[in-house]
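Which chain is which? They are A, B, C and D, in the order written, and residues in each are numbered from 1.
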Amino acid sequence: MTTLSQQVSDLVPQLQSWRRDLHQFAESGWLEFRTATLVAEELHQLGYQLQLGREVIDAEARMGLPDASVLAAQEARALAQGALPQWIGHFSGGFCGVVATLNTGRPGPVMGFRVDMDALDLNESLAADHLPVREGFTSINSGMMHACGHDGHTSIGLGLARVLMANQAKLSGTIKLIFQPAEEGVRGAKAMVAAGVLDDVDLFTAIHLGTGVPAGEIVCGSDSFLATTKLDIHFTGVGAHAGAKPEEGRNALLAAAQATLGLHGLTQHSGGVARMNVGVLQAGTGRNVVPDTALLKVETRGANNEINDAVYQQALRVIEGAAVMYGVEYDIKLMGAARSCKPSQAWVEFIHQQAEKLNIFSSVVDTKSAAAGSEDATYMLERVQQRGGQASYVIFGCDLAAGHHNAKFDFDEQIMAVAVETLATLALHQAEFKVPA
Amino acid sequence: MTTLSQQVSDLVPQLQSWRRDLHQFAESGWLEFRTATLVAEELHQLGYQLQLGREVIDAEARMGLPDASVLAAQEARALAQGALPQWIGHFSGGFCGVVATLNTGRPGPVMGFRVDMDALDLNESLAADHLPVREGFTSINSGMMHACGHDGHTSIGLGLARVLMANQAKLSGTIKLIFQPAEEGVRGAKAMVAAGVLDDVDLFTAIHLGTGVPAGEIVCGSDSFLATTKLDIHFTGVGAHAGAKPEEGRNALLAAAQATLGLHGLTQHSGGVARMNVGVLQAGTGRNVVPDTALLKVETRGANNEINDAVYQQALRVIEGAAVMYGVEYDIKLMGAARSCKPSQAWVEFIHQQAEKLNIFSSVVDTKSAAAGSEDATYMLERVQQRGGQASYVIFGCDLAAGHHNAKFDFDEQIMAVAVETLATLALHQAEFKVPA
Amino acid sequence: MTTLSQQVSDLVPQLQSWRRDLHQFAESGWLEFRTATLVAEELHQLGYQLQLGREVIDAEARMGLPDASVLAAQEARALAQGALPQWIGHFSGGFCGVVATLNTGRPGPVMGFRVDMDALDLNESLAADHLPVREGFTSINSGMMHACGHDGHTSIGLGLARVLMANQAKLSGTIKLIFQPAEEGVRGAKAMVAAGVLDDVDLFTAIHLGTGVPAGEIVCGSDSFLATTKLDIHFTGVGAHAGAKPEEGRNALLAAAQATLGLHGLTQHSGGVARMNVGVLQAGTGRNVVPDTALLKVETRGANNEINDAVYQQALRVIEGAAVMYGVEYDIKLMGAARSCKPSQAWVEFIHQQAEKLNIFSSVVDTKSAAAGSEDATYMLERVQQRGGQASYVIFGCDLAAGHHNAKFDFDEQIMAVAVETLATLALHQAEFKVPA
Amino acid sequence: MTTLSQQVSDLVPQLQSWRRDLHQFAESGWLEFRTATLVAEELHQLGYQLQLGREVIDAEARMGLPDASVLAAQEARALAQGALPQWIGHFSGGFCGVVATLNTGRPGPVMGFRVDMDALDLNESLAADHLPVREGFTSINSGMMHACGHDGHTSIGLGLARVLMANQAKLSGTIKLIFQPAEEGVRGAKAMVAAGVLDDVDLFTAIHLGTGVPAGEIVCGSDSFLATTKLDIHFTGVGAHAGAKPEEGRNALLAAAQATLGLHGLTQHSGGVARMNVGVLQAGTGRNVVPDTALLKVETRGANNEINDAVYQQALRVIEGAAVMYGVEYDIKLMGAARSCKPSQAWVEFIHQQAEKLNIFSSVVDTKSAAAGSEDATYMLERVQQRGGQASYVIFGCDLAAGHHNAKFDFDEQIMAVAVETLATLALHQAEFKVPA
């Protein structure tokens, strides 16, 4: 293992360099045009076989896609910022996914590793004590910031690609590196699953850094993700002069208000956590007009898929009923979704053993009770497990300058090497893993 | 006219006697068993041709009918209080309507006069200063009281019957005296219309005493009644233990609460007054059970039929929507209804002229802006007018001891003779009326 | 009167020229910087004594004022579009009111005429059949359009100023021409009243063109304006992650939804029309965040001041209660207000007589039942009447290309001359008016 | 232990006899007049020192007390059914608590055992397959039924009293037997705690039979009770005629509806289960009257006291806000309350050991995840633990004919002997218990 450790150590400057470049040119979900071309080029140069864009992203299964005009403008922006023209055609129109495959030619399972590439819709802090400010790599893209560490994830993915290719001779089976767009808002994973990307994966590992796990600790099988559904509801009524002809209106705002109150009463479930949030309500055009439009941005969550689905089904009923009450039309758009998650016990145990043997963690745990969040890699775990594969979600604890999704978020870059070494170890020792009967 | 005036004067003790007997044996809507038998007997004795019960009440069109058990118990109560067994069979089951016809054999129009017979669901005051207490004729029926003067109306109808029969030789055409049940809650008139009672009436007059009109004044064509619809809505959900299995319930109480808020937002209409009241909400069985039942008692009103209908239609939508929101069933029962009212101008003018000539009123007016109430004789006016007839609603002002529907309501009994004289005059002078082209 | 008629006739090209210039440089409420400087210059040149800006606008009484940054930017825009630098200092900061006085030196009452100057927040139609397109004078200011005819009103005011000065010798008493900003949203009149502009006016006339009154008709005492109050309500709660820490939030959106449902239940009043509209609701920042802000744009209306005030007082209670329910703060900003209106009977009759004598109207009426709108000149009528003066609101019917507030609104420019002639006549014949005892 | 086992065995017929008598004369909460006198007499005859009524029930701390008229009528009913006149004075007015003390004179801790005595407000099934029907001991008190096994609990308490007195010589310290009224609705325990009953108890055990635990199993430290608060909220507004003077009303029903929707949105808490139920809403007097009264029956629950208190505090805010919205008064009455529960680990282990040694259970467990219910013995556990004592809640699994609170509930009477033997064992072996440092 000394060799691997040394290889990873040599990679540290490159990891930092990748990460800071990605951080500076942060790209939000479905808009990772520059990122994806750079990732494709690197993997191509390394000798991986590539699947790109529509090959790995099912168009219909994409959720929360920006408008076509935004997609076009952002593609142009990306090109101006150094996106590689030879690759960008694959990603045009919001298909920024990359899958790189290394078939060793030796028998063995298909191992999948998934990282995500998107930034958040957030303006980065320009405070002097924010490290990216001091070191000069803050995001130059207004309203986009890597405040969740996906710049690190992408770099880890690239680093892993390098190390594995360098150790190709020691590997067996097939390696599949999955670079996913649009994890924020849980929008992208489902489209990769729908494209069949996971259909041949036997051993699957998704990762995250930080998330409140302390530095030095690895969580080998995070299982606390909430299932979730993200919805936009548009009510469309009929406007009318509120003073002169109120009876001619059909009030979309009142439908939205009633729906909101109904929705927030749906969270009692004996099976576990159920959540509902109407996070945004925007309705009406003028003070003296019966409002003819209303938009609700809603999310449901559940401790497991069944609870989330139950809340979601009831939410549909509430929305329909509110529309009926006011005689307005409505349209529901699915904007994102993720599943709850039960990592495969045997695979978690294998990761646990390998992590302990690495001797680079001060603490190796299987699960961690955590603040309730959601993650769409769960769709990938679910797909792999449906087919009989093993899957887990690994978290690498590290120091954070501020919480995730905060404008001053930053992470200790050393974690990238730790992650590369751990994941590479899983691949290099894969032969030791015994699939449970 | 001296003769008529004298005849009416002679009738005063009888009017008082009738009225006090009816007052003492007050009977609420659809339960006027004793009243109806006494009315039938008197009219039969006078020589009128009678139509009774199902002949004048359409069973299906009855609204707000008490339960069968109440009907049976009250019929027994009535018999014990002197209801006449020879007539009661006609009224059994809630058909307490009487129509008496006098066909003079001489050509002429059919004149209809309508009085109502029902008491209110109210306990009469037993205060020493309440005249029925002093004079010993308070209601002996608990929860029933003539607090709106319908005892007077019935007595006026009987007095009119006597006077017209006495003056039969001076009359032409046909006289039709209509004694209606269940005006309170606007429940009974529609069923008489549906039975065809008004289908041959050419000149129609309904009456009320009091209503805030000052003593000495007659309103010849009251036109301020609001159209109204009375609804009972039953939501039926599914109960569940609120602590243990909240998700298994379907909450009828929440549906009712949402519906209520929706209903109370329906009263803006550029066409005029619109009203909504959820007067009663009763829901749930126990503190720790998801409520599986809810009852709403609702009324809509409108300055005219169109407005009331518009509000009513929207209310149906609100109710349906609220049920959809919570996945509960609902049932709507029509409990009462009345129409707005446009008295026929020519007939109002004729009444006005006759009233002035009588010289017994200090003020004769056509209309009176009044507090917004409803009255189901409006169905009768509407039916007569639909067929080309003339119709009006006359109010005889008089002193009241307390407001209508008050436990201390009482009226100056002299008004009964005034009303009899006026209505008889209309009949006796009918030949002077010229139907407008 | 031939002379006056001829004078006005000569003025027609000038009226059109003024109007089209104002139309092209449409300026919304409180932003009439260019308009006000041109009006001031014209009146100054004519020899009127001017009161400007803060002299005629009470700073604190202004409602619905744009932000300081908007005021500054629009002032710069106005200067670039030809606003006169020598006058603009008076209007800087949102004080675009002009009052021009002509004291004849002869005894007599103070006559006030009020016109308004502001455009609407609307993009003008660019359709080929829209006359301002054909004639090349559509608004060059994005989001601002004279779609209510105030460009015509201002031109009428200037034309009246010319004619009266030309006929100065025939006048007695004092003439006061009031050019008001920000009538749209009923924001500006109250501030002119508060500045004392109306405190010496004995005979007051406000005007409007169009409003559905047919061409050829003049309404001498329009009395159907609804009293109104315009409110912005800001609820401020506490955000929180909706999935992870929902209990830490204080939900401003839910407060706004509950308030909305409560507000829409306030419109039943036995005294007459009551109106409520929550025209806009904007709340929340992100789907997965407990919403910490909500904005409601609300208006109340009433058939008279008492009803509007009653609804307004109840609305305050509803808003406070909704804030208490969710533990959120709230702030209410008054954005506009107007009063109901009872024109002075004697002054209406005088206008009626003069209009008939002019022989230029095919129909002269006192009032017109109309769709319910509001108008803040009512504050001026109220102030004049409080002091014992006579006041009315006159409408000049004319053909319209499309309804008021429509992007294709346009009026027949001939009405401007009609209005000037009528108003000038009132001044020239003022001596004939006898103030009632 | 043979001796004890035999003693208990001999007691079986008496246990059944007591239980069936109590079952037949079922008495609901605060109305256990007959039960309490029989309990007092038995304990007195055995030689226990008694504290009765107001000595063990704090008057002010009682919750959900029936009206004085009900209390009086039920006391009379009890006397007619054999309540003992010599004891009833202590319990008169709703103070049906009994505490029996045996001071051995030997040093040692105070051991407390608590049983409850009240029935449910329920009509017992009269179905032929219901054992109390077959055996002829169904409740003769209409609307009262022992459908939760408290008749068994009381009998166990009496049996324990007999056995312990018979083995007095083997005991040390003090034995305190606590017979509590009004556990249903969690109304009575707090008043016994407030009276100081638990203030000297060092080792405390409360019990329940059934609750879904299988026959043969004992749960030594049940910890799944939800903290709960039961509230009645009365809103008082102002009535008005809904058609004629709607603006004069202050609508208590609308306040209740808004409050209900607000309350049902309060159940999201990251700390664990939170529950809310508006189980009953009763409002209004008549269809055409603005409702001036409304009653809400509400309960909150929480996985722990902090969560329940948080929901309760928010609920108070929601209620106050709803009252403010409609300008109505409100009154909140506390109707019941219970705490969450953390049994003392050392005491649970001791019970566990003793139970295993008894060799009468097929399964001995510490806790059991169960459907979420509440229990007010938790106030007693809390009080004992606050003072440094040890406390637990023990469940004796047994076969049930139907679920708790079901009209056909019945339990296998053999469980009573099992419970007596177990509890007596705890007392007889108490000296073996080592209080943790």
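One rule holds in what follows: a residue touches a chain if its C-beta (ideal position, glycine included) is under 8 Å from a C-beta of that chain, and two chains touch if they have at least 3 such contacts.
These figures come from a predicted structure and were not determined experimentally.
Engineer: From chain C, which chain is the farthest off, judged by mean CA positions?
Structural biologist: Max centre-to-centre separation from chain C belongs to D.
Engineer: Applying the document's contact definition, name the chain pair with more C-beta pairs in contact, A-B or B-D.
Structural biologist: By number of C-beta pairs in contact, B-D is the larger.
Engineer: Taking each chain's centre as the mean of its CA atoms, how far is chain B from chain D in angstrom?
Structural biologist: About 54 Å separates the centre of chain B from that of chain D.
Engineer: I'd like to verify one number: the distance from the centre of chain A to the centre of chain B, where each centre is the average of its C-alpha atoms, in whole angstrom.
Structural biologist: 69
Engineer: Touching two or more other chains, which residues of chain B qualify?
Structural biologist: Chain B, residues with two or more chain partners: 242, 244-246, 254, 258, 261-262, 264-265, 268, 270, 275, 371-372.
Engineer: What part of chain D is in contact with chain C in the complex they form?
Structural biologist: Within the complex, chain D contacts chain C at residues 244-247, 251, 254, 258-259, 261-262, 265, 268-271, 274, 310, 314, 317-318, 320-327.
Engineer: For a test of understanding, state which residues of chain A touch chain D in their complex under the given definition.
Structural biologist: Within the complex, chain A contacts chain D at residues 261-262, 264-265, 267-268, 270, 275-276, 371-372.
Engineer: Looking at the complex, which residues from chain D come into contact with chain B?
Structural biologist: 185, 226, 228, 230, 241-246, 253-254, 256-258, 260-261, 264, 275, 277-291, 294, 297-299, 301, 335, 371-374
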